[in-house]
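These notes are about the structure you will find just below.
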Amino acid sequence: MPCRSSDELNTLVAKAKKCAKSGKVADYIPALGKANQDDLSIAIHYPDGRCISAGCIEKRFTLQSISKVICLALVLIDRGSNYVFEHVGMEPTGDPFNSIAKLETMSPSKPLNPMINAGALVVTHLIKGNSVEERFQRLLSFIHELTNDSTINYCEEVARSEFETAHLNRALCYFLKQHNIIEEDVEQLMELYTKQCAIQMNVLDLARIGLVFALDGVDPLSGKQIMPPDVARICKTFMVTCGMYNASGEFAIKIGIPSKSGVSGGIMGAVPGKFGIGIFGPSLDEKGNSIAGIKLLELLSKNYKLSMF
Amino acid sequence: MPCRSSDELNTLVAKAKKCAKSGKVADYIPALGKANQDDLSIAIHYPDGRCISAGCIEKRFTLQSISKVICLALVLIDRGSNYVFEHVGMEPTGDPFNSIAKLETMSPSKPLNPMINAGALVVTHLIKGNSVEERFQRLLSFIHELTNDSTINYCEEVARSEFETAHLNRALCYFLKQHNIIEEDVEQLMELYTKQCAIQMNVLDLARIGLVFALDGVDPLSGKQIMPPDVARICKTFMVTCGMYNASGEFAIKIGIPSKSGVSGGIMGAVPGKFGIGIFGPSLDEKGNSIAGIKLLELLSKNYKLSMF
Amino acid sequence: MPCRSSDELNTLVAKAKKCAKSGKVADYIPALGKANQDDLSIAIHYPDGRCISAGCIEKRFTLQSISKVICLALVLIDRGSNYVFEHVGMEPTGDPFNSIAKLETMSPSKPLNPMINAGALVVTHLIKGNSVEERFQRLLSFIHELTNDSTINYCEEVARSEFETAHLNRALCYFLKQHNIIEEDVEQLMELYTKQCAIQMNVLDLARIGLVFALDGVDPLSGKQIMPPDVARICKTFMVTCGMYNASGEFAIKIGIPSKSGVSGGIMGAVPGKFGIGIFGPSLDEKGNSIAGIKLLELLSKNYKLSMF
Amino acid sequence: MPCRSSDELNTLVAKAKKCAKSGKVADYIPALGKANQDDLSIAIHYPDGRCISAGCIEKRFTLQSISKVICLALVLIDRGSNYVFEHVGMEPTGDPFNSIAKLETMSPSKPLNPMINAGALVVTHLIKGNSVEERFQRLLSFIHELTNDSTINYCEEVARSEFETAHLNRALCYFLKQHNIIEEDVEQLMELYTKQCAIQMNVLDLARIGLVFALDGVDPLSGKQIMPPDVARICKTFMVTCGMYNASGEFAIKIGIPSKSGVSGGIMGAVPGKFGIGIFGPSLDEKGNSIAGIKLLELLSKNYKLSMF
């Protein structure tokens, strides 16, 4: 049985932490740039309710791209997979997450998958509701249910900052709007998307969401099926094929745990049937993944044979 | 000396007109879709003031992409070529005029030339003035001077319609803004750009502008140097290397007259030292050029040996 | 426990077979074009030695791209993963398997993964030996061990035919040679590669190889570790992320079984810890995968919950 | 009348020479790497037989890409423009001269123009004759006629060296062969092409060829029409739109003289109706053009107003 003591975890964290120096904190908006490059924390949440952790686990950080997989789950529940996959593809791309070129060179201009920005914008566009506020609250309620924590909210400073600077995402939106893949007003979608990305939580919360995915959608506490098993399965598959930006292939080979990262330095992992993982380490490698977080997952995967493959 | 009688011109127009049937009128906005597919008119303006013409020469049409070369002239006058070419390149692309892919694959993300949409948006961005209104009036005044006709204005219906639907241009703008090539508010730039594209004139006016370029910037009537010879020369060069969208190379080989086309079906030609040409034929080929207009220019070029090469 | 009776399997085959009509047999070389579009056969090989099957299981077919994953296993054993991944990447591409464009646009020009042709050519290049003959025999011996059948050989007609027509693969090789990723003589490599692709076997053999991968490299009969567990794991990971050409993402979501297909219509599957699958159905979909074979795997995966995710 | 005295020319050469230091001699084969970075020579050939020159004009160098435009003229004479342009396009590309990506992304895979390597290989493929030897002799005879010098031949060392290392050109050939644009044996075509590129001459010869193009195909001495005016015109057009690699647009704007460069450092210019230019300056800029050669042409164009535009 994998790692059950915080002592073991502390040792691994100390080891993984060393490589944080060779990465770089995201600084495209001031709020992210303030993060401490040396931070590294982890929580592991087991089905029986036990949770072990290491590092500064109270610290909240914004989900950024991790929100893409949670939002996808919500939209799959609401709309069904057939409808969703008429609007976004299922293939990994090999390109950076913010790339626009394939939208032009492929026909039709459907984003290749929901984990690249173009695809994630389409998924967020599909959140049901009559207003940005209502749609955002639906996503937030879903996250409250997943984390069993109704205090979770978004960081206004980060959301505002991203809203003001996300011109590349606007370019993607207008391109998609030109091709009738997105229909709503772009500024409205940007407001919703930047709020979504700015949702804040700590590694304990994140590990709990990972656990729900690991348990095929079942709440570990109440036993309630929060999302259908198929939705959890689809999300975990995307986490393997394109969850770690254009380093997903390497991550699958070296680590083999369905995971989703964000540029704030968070990583959510779901070891099928076993446990959920939440990691925060803001120092990023050149592809935008937490450099110490990946190292830590590599140590865990090797030590406890966690690869699915 | 080339074609001096309207009779000759009428014969050529009748011949060229036949291929209008194999083209298609632009219909991405309703106002353009209303054009008559079979229309074909031409005016040739000589330095001595004489003008011969054929077809329905009173009909006004919007400049669309033809405005790109006029706007470039204005901005070159205002800013100097060094400054302008820090913001936009000088190379033909081989890609469609509205392509975004090269902005991503090339580094830096400077548009390759001012005749593709990305480059034209940068040039329009460089028009001096304190407001959209002031900047647009500067461009309009310049056109009044070039045509010696101060009644020329823009078509509100077309401008509004393009403003509402130009999502691809917005995508280009936001991409450029992300890379700090465009700084102003995108909606403001779009307002200015769509008004610029919606400026209306007839083939007589267009031929007169072509003549000013042909005469190295000199007004044929007053002898005034409206633009420096270098500016006229740069514009004519772009008209050869990238004036006819991604059919410019073929056009240079088959016809060899510096020309600029627009999706409304207009073509402006400048035969260096000799005369200016204005053409209107709204039926387009698949690359967006007036199909009968190109045929007519081919006949003219062959009959009167007008190729520069 | 999954499907244990041939009756069940026959029913599924009959159901899946229907969609063979909407596909097309590969015909770029005559030998492949002779295949019967309606064929569909399957063998499932269990660790205890039992094997169930349906369809014409004696029919031999060439491995084509399925050989890529077997060759990768051999080369990983011989050279170690560090060495191999200096020469070929680990990322899915989103492009067709024979694409050359990314070799030019990415820097360095290392093929993105070993399942696209460019990457597979690099892997074959890495097979140890002093001559094409010696290297090919090493690969064949490895396959004899995996299948426990030393009569397996290659089809000379197919190998010769592919050798004569594989100009696109030659283009890839020369491009890679220009960038010093491949060093040997291209014709020599082409001889080795086309022989490798022309290795023939039936679905029983293929299922047995799949089983060795499923059992982490252990021979089901002798218990011998034919390949290290890490090699089997790496291969299965690639089968998930890029085993089904640029339909791998969709296949992972809908079916979730590590699999590798070839344009002859073969598919090899490895259900981790459980069983190996061999399928032959030469009617292909537009991406080059067996159309009825995929349908059959989908039915199996749904009925017996075989997805890894 | 432009520059008639060698004194003027010597002054300009001395001035232009200074920038040779900031360039780099081609060194992809040893024979080219031996060139003297500081060399710069020019010859200007007038219709009346007069020729002025500066620098070491006796030095021979290989034509490299300059041969593309001469070969194009020969093939246009032999096959007619309709036939030729069924096999190669007329559009500039914006990509480097050795790029392969557009062959894949455009449909059909016809090279965009005859001045990029892919297109030049197609043109060389079209040289008539029953053997490489016979076809090469046809090209050589044509060059003897153009230069009025029957001693011109190719450099065996350079040809052999290029033949051995031209893997990228082989990649292009095989790609084109896969798409049935090239039919002959690739090694045979490579032999012919590398010999063509290795044809040697000095700047006096080169200026004389430029003059024939400038005079619409007429031999300045005998008055004989060596090539039809249309062929000369087409060649000059390509020299403007794509003669200077992917710096052609800038060159057209700044200099405006139809020109073709080669990586040996040669540039051939044709000032329509006026004179031919031959330049040799082996220090190259990053796009592969003679850095001092371009500077020299810029000085000439500005001083004597030589731009066509």
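Order of writing sets the labels: A, B, C and D. Residues in every chain begin at 1.
The definition used in the following text is that a residue touches a chain if its C-beta (ideal position, glycine included) is under 8 Å from a C-beta of that chain, and two chains touch if they have at least 3 such contacts.
Just so it is clear, the model here is predicted, and its values are computed rather than measured.
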item: Taking each chain's C-alpha mean as its centre, the one farthest from chain D; value: A
item: Which of C-D and B-D has more C-beta pairs touching across its chains; value: B-D
item: Chain C and chain D, separation of their C-alpha mean positions in angstrom; value: 47
item: Inter-chain centre distance, chain B versus chain D - centres from mean C-alpha coordinates, in Å; value: 32
item: For chain B, residues that touch 2 or more chains besides their own; value: 105
item: Graph class of chain-chain contacts, one of line, ring, star, complete, other; value: ring
item: Chain B-touching residues of chain D, taken from the complex the two chains share; value: 89-95, 102, 112-113, 233-234, 236-238, 240-242, 246-250, 252-253, 256, 258, 272, 307-309
item: Chain C - residues contacting chain D, complex; value: 99-101, 104-105, 167-168, 170-175, 177-178, 186
